[in-house]
Amino acid sequence: MAKLPCPAPEIVQQYGPSLHTIPSGGWVRNPQDEHLVKTHCCFCGQQCGIQLRVNNNKVVGFEPWEDWPFNQGKLCPKGIKRYMQDEHPDRLTSPLERVEGKGFAPIGWDAALDRVASEIQRIQGKYGKDSFAVLTGASLVNEKAYLMGKFARVALQTANIDYNGRLCMVSSATASKKVFGIDRSANPWSDIVLADVILAAGANISETSPITTDYFWRARDRGAKIIIIDPRMTPIARNADLYIPVRSGGDIGIFNGMLHIMIQRGWIDHDFIAQHTTGFEEVARSVEKYTPEYAAKIAGVPPAMIIRAAELFGPAKTSFVLHAKGIEHHSKGVENCIAAMSLVLASGRIGREGCGYAMITGQGNGQGAREQGGKCDQLPGNRDISNPEHRKYIAEVWGVPEESIPQKGLSAIPLVEAIHEGKIKGLISICFNPIVSLPDANFTRAAFEKLEFYANIDFFLSETSRYADIVLAGSLMEEDEGTTTNTEGRVIRHRKAVLPPEGAREDWKIICDIARRLGHGDKFNFSGTEEIFNELRVATKGGVSDYFGITWDKIEKNNGVCWPCPTPEHPGTPRLYENGKFGHPDGKAHFIPVEWRPSAEMPDAEYPIILTTGRVVAHFLSGTQTRRIGALIDQTPQPLCEIHPQLATKLGIADGDYVKVESRRGSVVVHAMVVKTIRPDTVFIPWHWPLDRSANNLTVRAIDPQSFIPEYKICAVRVSKADAPHDAIASLEVQAGGVR
Amino acid sequence: MIRREFFIDYSRCIGCRACVQACAECDTHRGNSMIHLETIERRDTLQTAPQICMHCDDPVCARVCPADAIKKTPDGVVQSSLKPRCIACSNCVVSCPFGVPKYMAEFEQMMKCDMCYDRSSIGKKPMCATVCPSGALTYTTMEEVQRTRPGIPVNSWKFGGEEVTTKVHVMVPRETTRVEIDLIQIQPTPQALPADPYDVALMLEMAQ
Amino acid sequence: MTPARNSLRQPRLSDATHAMFWGLATASLLILGILTGSRGLRDFDPALVSYAGAAVLSGFGIGYRYAMWLRRPPTRLYWYRGWQIFLAPQKLLSNLAHLARIAWNTIVLQRFIERRSHLRWTAHWFLAWGCILAAAVTFPLSFGWIRFETARTNQEIYRAFMFGIPLGSFHLGTPFAEMTFDILDIAAVMVLIGVFFALWRRGHDHGAWSVQQFSDDMLPLILLFAISTTGLFLTVSTHLMQGIYYGFLSQLHAVTVIFTLLYLPFGKFFHIFQRPAQIGVNFYKQAGASGPQARCHRCGQEFASRMHIDDLKSVQAALGIRYQLSNGLHYQDICAACRRKNLALTQDGLWKSYDNRLRGN
């Protein structure tokens, strides 16, 4: 039922994405008519502090919030223009019902919610509980993330709930849990500044977490050395002390190679290893063969670079290791992260000032959302859904029988595959745009076309909403109270700046309304998000991510509180693993040996070029928010294919030419940007755009066996010069998937 | 009020354009961005550079203005041209040694960075220096910069024979007292930029 | 095209003497105009002598200030160049047509202000046309150039004269007559509307109020407000209050007008005389665009007209701006974008050579 009701250009005409360019009320603004609301940026896991200028229940601008310690007023272009998604002409102000051949038509709230509830009951009655799935998101506040987990397990009793953090953080989360015992960045960002060496792998910091740049440069001001590992020279790499242009998927070569040299030259902390870790011997044995030459071959870089990296990192007094999606988005993402963590453990430089490790969170609440139960295998408090004791505790908090809580369900990719196979018939989703964000987009589209019923909660009609039978008009971050947990593990407050526009509703109310219609109203009888938070506190009590001691009040007073915070008196825990005390039951960190293995799809004669994907600074994830903001589309209107002049010359491509990039799964036609700052065997396309401009038409549907993260960072493609496309999709505006 | 000053360190810039976006948000700019963000030569390098008005002691723009339309406030901030006077001749645009003034064809007026006068005149930081994620643009005290930065701030320039002193400082290595612009080779074409220090292919070959 | 350099020669007279000459010349011309226009003061109304006197003084100030302004090398250059281009014989006709077009858009409609802000345009349009209307009546009246008298045969008929020549007559009580007698009130109301819009804008625009200055932005509005309200009070006093306080009010009105006239050459109002230069610049740009273009030495792109760059070099020379680079190039031959890029590259170079020196040690 869920094929597009009418061709995409017709939907675009009515629901956008269209551009919002002038603030509500115009550029002439008068602070005397306004008040400021202190809150946080909704884009990215750094969760920078920002103040919104509000005039008469309208967000009309922003004002830097210099007193917020993390970013001290600093913002990236997304944060600055974020307020332009308020008062947006595309904003949904009524539930919509799919009308075959026409698109969508407004429908009353009661009718919409009744329809959703009855379809859930029909599908679950006919095909079983697990045939109805939930997809949720990591840009939701903790309260909503918690509510979605509870909704799936209590109201729907489906095992199949997963979230788009699956596309983001899960490799580092899994690795961190396995090695250190806790899934969280180990240090607050203030420790970066005190490090003598910073190693950042697969992290395009200047574009995807720009504020972190300042922390790097402040360390450099003190004399710190900076090592950047990335197939593309990123803006921060230009001024790094060592830039290693690794071949995508070759990171283990660098990490194991570095460890090999560090062991050989004695740059490891034997005391620390002996006292606070297990399994070092095995790892030492496993890296024996990673001589600089062998390692270099894997990494696709000269051995001298790996030696230099070890020389910089090995003997340092303090150091900080960070990584992001560049090493995580792999079918060996977890192993990549583990190899990086081995460097941290072997050096013994963790758990003290200037010494540590962090994973850079991509999504707004990437850290918090996965702790609260949006993940298919976790219950609130980072609890394990297959652990009987954990289940029992949560069952008690929720007031349901333990056996009613489903077991572990499918993660995002297998879940979509199950839809494709017809095993899952119904879906409700929020804060997730899988049509743009999942790999192998043609497969995702085919899967969504097979759904019997699909309900979608969103504030704009996203590319995925177009497949919905019912769209429920939800709320923006600034239209509701709540908390998120930033990349440091710091729980912070998002404040309500304005009410949702007439006709739209707060997301949590929508969820509770559906639960009520399904006969579970007593479990979803909340009067507000603070009440949800207080239930969340109890649910996380005694868990790894213990929020029990955190109250909204306390967050306010302390500029955020880092979990674990088990009691109201507890100050929170900005730095983990102090005094070598790790999260495993034995109190130790666990070295795990990892071997390099090839990626799922390596280049071959037919598809000889590596494609890697990523983000640009002006856009956020699937772009459903940022592609509607005029100033951000002005900054980066459309995706460009970065290609090295050597490769471009070989293929007869000049800068600005149209190129067709094809993989075994699909193709895109975009402009070429010929630059010397990328490896000559690799091309890069950012993935924020839909339809024929979607880099995910190309990417491979392969996942890491432990974290189930998709392999966005490497697949095989061929590239050829193309003619200007003139089809209906190409003629759309660039923000909708057209090309100029 | 603490005396804060403006410092530029081009080498910190990551080209994110936060300054450009925030500049337009200032109440005196009303949607028009006054700051420049140059991409030096994208094919060869990721180097980018922001440029705000340096607010010269004796501004060349004002000297070449036929309409007497460019004025400095008592606190040393050179303002956008006075709307009633500016005759849109662009003398300032082509003469400014730092390439700062913008000719706004729509309004037939020159507009330029006024250090967000609505903010800086009441002790707040200019927009660009507040948001800049890299610290390439910083508005702080002289002591703070001297204490934390490896270089030193300099505000003395020489363009050929023309000596210019500015309110805004640029970070340069110690021992530098003045930035002399005719020292650098001015490239006739972009192709003749220095031999590819940022070519990844070259890096991979050279270090072999 | 003859070089503009000649016009930038060091002037022989000192600036002040030169300006004094032009100030006196303007004032004398005005006096001469009053004398002849009022037929040897026969038509001159002695009650308005203070206005006429202030206008003459103001004329001196404007002449002085304008001459001073034209002494500045960049202004002088545009002045000469503007006339030179405008009066070029082969183009004079098309130039006149073009002049009419730009004058309509920039002076009459003031479109460029509208693009800055509708509110600003509304305010300015009312202010400008209110003032023009008032000036068109009051100056000829106070100079004795126009005169009204009742017809000898009929008290109900008014006759108007200009320079002593009868312009026609009209019946009292007709709409035309009402209009004529109320024209200053209409102008005053227009000005007040403009003042209201201007103040409202300044009150609601954070950007505007943070850069405004009392003497430049508020004082002119206050003066216009004072003239208009005291003028309106005179009408009120005459028609509604049997002339009560008329004497005092008319003196007060005179004071506001005279002050404004004397302020004219020095304050914001001087832009009325400067503004037409925009038209000259428009011709200059047009001529530049159709001539050869200057290419940037660094990037090779066209960035201005050759004439503009050459003229600027001579203006800069006259101002003592020394942009010659040591390698024989001229900094003025580098476009603004390349100048900005150069600054960053220079800093980069300083750091690189510094690092190399450190490494060398």
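Note that the chains take the letters A, B and C in the order they are written out, and that residue 1 is the start of every chain.
By definition in this document, a contact is a pair of C-beta atoms (placed from the backbone, for glycine too) under 8 Å apart; a residue touches a chain by one contact, two chains touch by 3 or more.
Fair warning: this is a prediction, and the values are worked out from it, not measured in the lab.
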item	value
Chain whose averaged C-alpha position falls nearest the assembly-wide average	B
Winner on C-beta contact pairs when A-B is weighed against B-C	B-C
Length of the line joining the C-alpha centres of chain A and chain C, rounded to whole Å	59
Distance between chain centroids, defined by C-alpha means - chain A, chain B (Å)	35
Centre-of-Cα separation between chain C and chain B, whole angstrom	33
Shared-contact residues (touching 2 or more other chains) in chain A	28-29, 31
Multi-chain contact residues (two or more partners), chain C	205-207
Touching two or more other chains - residues of chain B	11, 13, 27, 30, 47-48
Residues of chain B that touch chain A when the two form their complex	11-18, 20-22, 24-25, 27, 30-31, 42-48, 125, 127, 130-135, 148-150, 196, 198-204, 206-208
Residues of chain A defined as touching chain B within the complex	22, 27-29, 31, 61-62, 64, 66, 71, 73-77, 79-81, 206-207, 210-211, 213-214, 217-218, 221, 223, 232-239, 243, 245, 300-302, 304-305, 617-618, 631, 635, 644-646, 655, 673-680
Residues of chain C that touch chain A when the two form their complex	117, 119, 201, 204-208
Partner chain C, residues of chain A touching it in the complex	28-32
Chain C residues touching chain B - in the complex, by the definition given at the top	69, 72, 74-75, 77-78, 106, 112-113, 115-116, 205-207, 210-211, 216, 268, 271, 274-275, 277-278, 280-281, 284-285, 297-300, 303-304, 308-309, 312, 315-316, 319, 321-327, 329-332, 334-351, 354
